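These notes are about the structure you will find just below.
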Amino acid sequence: MSVVPLLEDDQLCDAAKAVFDDIRKTRGTDFVNNFWRALAHDPVLLKRTWESVKEVMAPGALDPLVKEMIYVAVSATNNCEYCIRSHTAAARAKGMDDAMLMELLAVVGMANETNRLANGLQVPIDAAFLPD
Amino acid sequence: MSVVPLLEDDQLCDAAKAVFDDIRKTRGTDFVNNFWRALAHDPVLLKRTWESVKEVMAPGALDPLVKEMIYVAVSATNNCEYCIRSHTAAARAKGMDDAMLMELLAVVGMANETNRLANGLQVPIDAAFLPD
Amino acid sequence: MSVVPLLEDDQLCDAAKAVFDDIRKTRGTDFVNNFWRALAHDPVLLKRTWESVKEVMAPGALDPLVKEMIYVAVSATNNCEYCIRSHTAAARAKGMDDAMLMELLAVVGMANETNRLANGLQVPIDAAFLPD
Amino acid sequence: MSVVPLLEDDQLCDAAKAVFDDIRKTRGTDFVNNFWRALAHDPVLLKRTWESVKEVMAPGALDPLVKEMIYVAVSATNNCEYCIRSHTAAARAKGMDDAMLMELLAVVGMANETNRLANGLQVPIDAAFLPD
Amino acid sequence: MSVVPLLEDDQLCDAAKAVFDDIRKTRGTDFVNNFWRALAHDPVLLKRTWESVKEVMAPGALDPLVKEMIYVAVSATNNCEYCIRSHTAAARAKGMDDAMLMELLAVVGMANETNRLANGLQVPIDAAFLPD
Amino acid sequence: MSVVPLLEDDQLCDAAKAVFDDIRKTRGTDFVNNFWRALAHDPVLLKRTWESVKEVMAPGALDPLVKEMIYVAVSATNNCEYCIRSHTAAARAKGMDDAMLMELLAVVGMANETNRLANGLQVPIDAAFLPD
């Protein structure tokens, strides 16, 4: 049970309806997941978040599948179950197979480990790693 | 100043020296960065960490550059300056340009934002995101 | 199921009972929530935590509702479901409506995003932001 | 030294210049802080981040000072020094005095403490805290 | 439901089977918990993780019970429910009673609190705390 | 430079002076570190934090050295440099040598790694780990 009720299509204000229309059109599916149904209580937040996600996750200098895997890496680090589930599903839909998923998580685990070794030892940064 | 002194080459025990040799051989450079010089106080930890990192970051189902970018994503989320600096440098050495870096950070920022929106609203997971 | 059993009123030692009495008197309700029933296994921890929370959340330089919203902001950032649920309920009881909740979470999301952009880019602090 | 060079005004592309103009106009000052000078390498990211921050931090259901204090609370929890410094300065400029700052941090500290007590004990959520 | 199916004994490849044999032999029990059954999808990750955990948690300069309590401390800080549950059980099996658990969590809570006070105030490090 | 000035002994109000006296008496040294000099701006926060830390870190069901190591584990996980430095120094003063420190950090690193593997895979909790 979410903190605010999830809005059904017939409960949306016009501004939220317009965002849902764009989600459906952009994704080519009628399905709108719960995240947006919770955000729909604040159409300004809904619109900004959707447009930001759409812009950030579009093809660019990085491939959309790589972007989804980065999303999973952050979500696993923060332990956001909703985001782990939804972005793992999205990455699979874009071609991530089990071997790729397991390697992704192996990197995430290793980074989380060495982050703490570097923190705990307060290792000074090598000059070689700084920009010229 | 690190919590334990950084060991110079002539201060290494034999076990640590063997790891440094492998780092140099694997990377094709004489340079060994401070992280390993701090870990060298515990040759068991040094060896396990190096061999794990070498295994995890090798080419596999994912490209080494993608792995470096995932490392940066986790390190930026955790704010480990040492790891941000060293893995950003490593990713650049493998081909990441400024446009790719900025897009990578854009995804990291967006994931950190929506992670908290999903947390704060306690959005229930859609059945569509669960494995069959 | 919590890691230690939740204690019922008739299972409390005298020291824990005294804390529960103060919780009830301070809040003007007979209801004592599960958090305190778990802490009651360690009456020293229970007493210190309750007295600290009571002191911190009392009216002072900041309004109690603002304090509850700050509590929600931290709990959403850390993804502590128990604390998100209990402090969102407490903030609502003190007057937070849906519009305020959604704006609160919008700020929390944005701060989590820009925290990582600043981390990932290692932006140096402007002199203007430092105390004189 | 940031990961990418901070751009001076005469190094900005037209799209970035337009954002800087809006920052100056909105804030009524010629000063543009380093965060935006780093983001200026990616004018799309710069524009989206600025417009999002401007929208989120504007007066609404919550007071701008309350929003700045929530920003500080998140940044202190995540330990983003840049954001702690810049948003503490912003909150002071909007009226936060030392007493308010110390109380704010007291709440942040307490929330971070009880978040971990609730986590470690895995306290089940009381029915009273769930929406009807 | 985990993101990948948990593998039963008769679904393991030979490499994974060898790791499960070592888990059973090392722990002196036939029980292999779900964590390893999920990792078994990637026998390289499974083997490295198991051998690392076995090495790290063995008696050494620190007592195995102390190590388990440190594991719980980290897991409670990160709010990883699986690790809180499994390592609290492991610590109990090695002799941690309720009084020790409650004190452990009290320290974890206090550290999380003062970490944020130090962050929020950006307290400079005393020379006395730096190595000579 | 801290966010609020560090108070010298002759700048303390009477309530803060009384806390500093107790710090000196309890620790048997005239040295009072910067953390308390920053908190001294809010004598109520100073007193509560000092008395809480004194109570939590006293000998009890756990040894004070074990408690200091747990403090370091949490601080390294959160990357609070001030707390890493001060509690590593405190643990050393109570008997932690380099071998113990390196093993402590090895456990912290491993826990941070497996926390994310368990998160990313959303491993369900084994019944064996739940209380009866």
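Should a chain be cited, it is by its letter among A, B, C, D, E and F, assigned in written order, with residues numbered from 1 in that chain.
Methods note: a contact is a pair of C-beta atoms (placed from the backbone, for glycine too) under 8 Å apart; a residue touches a chain by one contact, two chains touch by 3 or more.
Since this is a predicted model, take the numbers as computed values, not measurements.
*Asks:* Would you pick out the chains that touch chain B and also touch chain F?
*Replies:* The shared contacts of chain B and chain F, listed by label, come to A, C, D, E.
*Asks:* Would the interface of chain B with chain C count as same or different, where same needs over half of all numbers used to appear in both copies?
*Replies:* Same: most residue numbers at the chain B-chain C interface appear in both copies.
*Asks:* Check B-F, B-C or B-E against A-F and flag the pair whose interface repeats it, over half of the contact pairs matching by residue number.
*Replies:* Duplicate interface of A-F: B-C.
*Asks:* Between chain D and chain E, what's the gap in Å when you average each chain's C-alpha atoms?
*Replies:* 34
*Asks:* What whole-number Å value describes the gap between the mean CA coordinates of chain A and chain B?
*Replies:* Between these chains, centre-to-centre, one finds 20 Å.
*Asks:* In angstrom, rounded to a whole number, how far apart do the mean CA points of chain C and chain E lie?
*Replies:* Taking the mean C-alpha position of each chain, the two centres sit 27 Å apart.
*Asks:* Give me the residue numbers in chain D that touch at least two other chains, ranges are fine.
*Replies:* 1-4, 39, 45, 49, 52, 56, 77-81, 84-85, 88, 99, 102-106, 108-110, 112-117, 119-122, 130
*Asks:* Can you tell me, using the touch rule above, whether these chains form a line, ring, star, complete graph or other shape?
*Replies:* Contact map by chain: complete.
*Asks:* Touching chain C in the complex: which residues of chain F?
*Replies:* Answer in residue numbers: 1-5, 44, 48, 52, 55-56, 130-131.
*Asks:* For the complex, give me every residue of chain F touching chain E.
*Replies:* Where chain F meets chain E, its residues are 1-4, 6, 31, 33-35, 38-39, 45, 49, 52-53, 56-57, 60-62, 66-67, 69-71, 73-75, 77-78, 80-83, 85-89, 97, 99-100, 102-104, 106-108, 110-126, 128-130.
*Asks:* Taking the touch rule as given, give the residues of chain E at its contact with chain D in the complex, in rising order.
*Replies:* 72, 76-77, 79, 81, 84-85, 104-106, 108-110, 112-117, 119-122
*Asks:* Along chain A, where are the residues that touch chain E in the complex?
*Replies:* Touching chain E from chain A are residues 79, 84-85, 88, 98-99, 101-103, 105-106, 109.
*Asks:* Applying the document's contact rule, which stretches of chain B touch chain F when the two form their complex?
*Replies:* 3-4, 39, 41-42, 45, 49, 78-80
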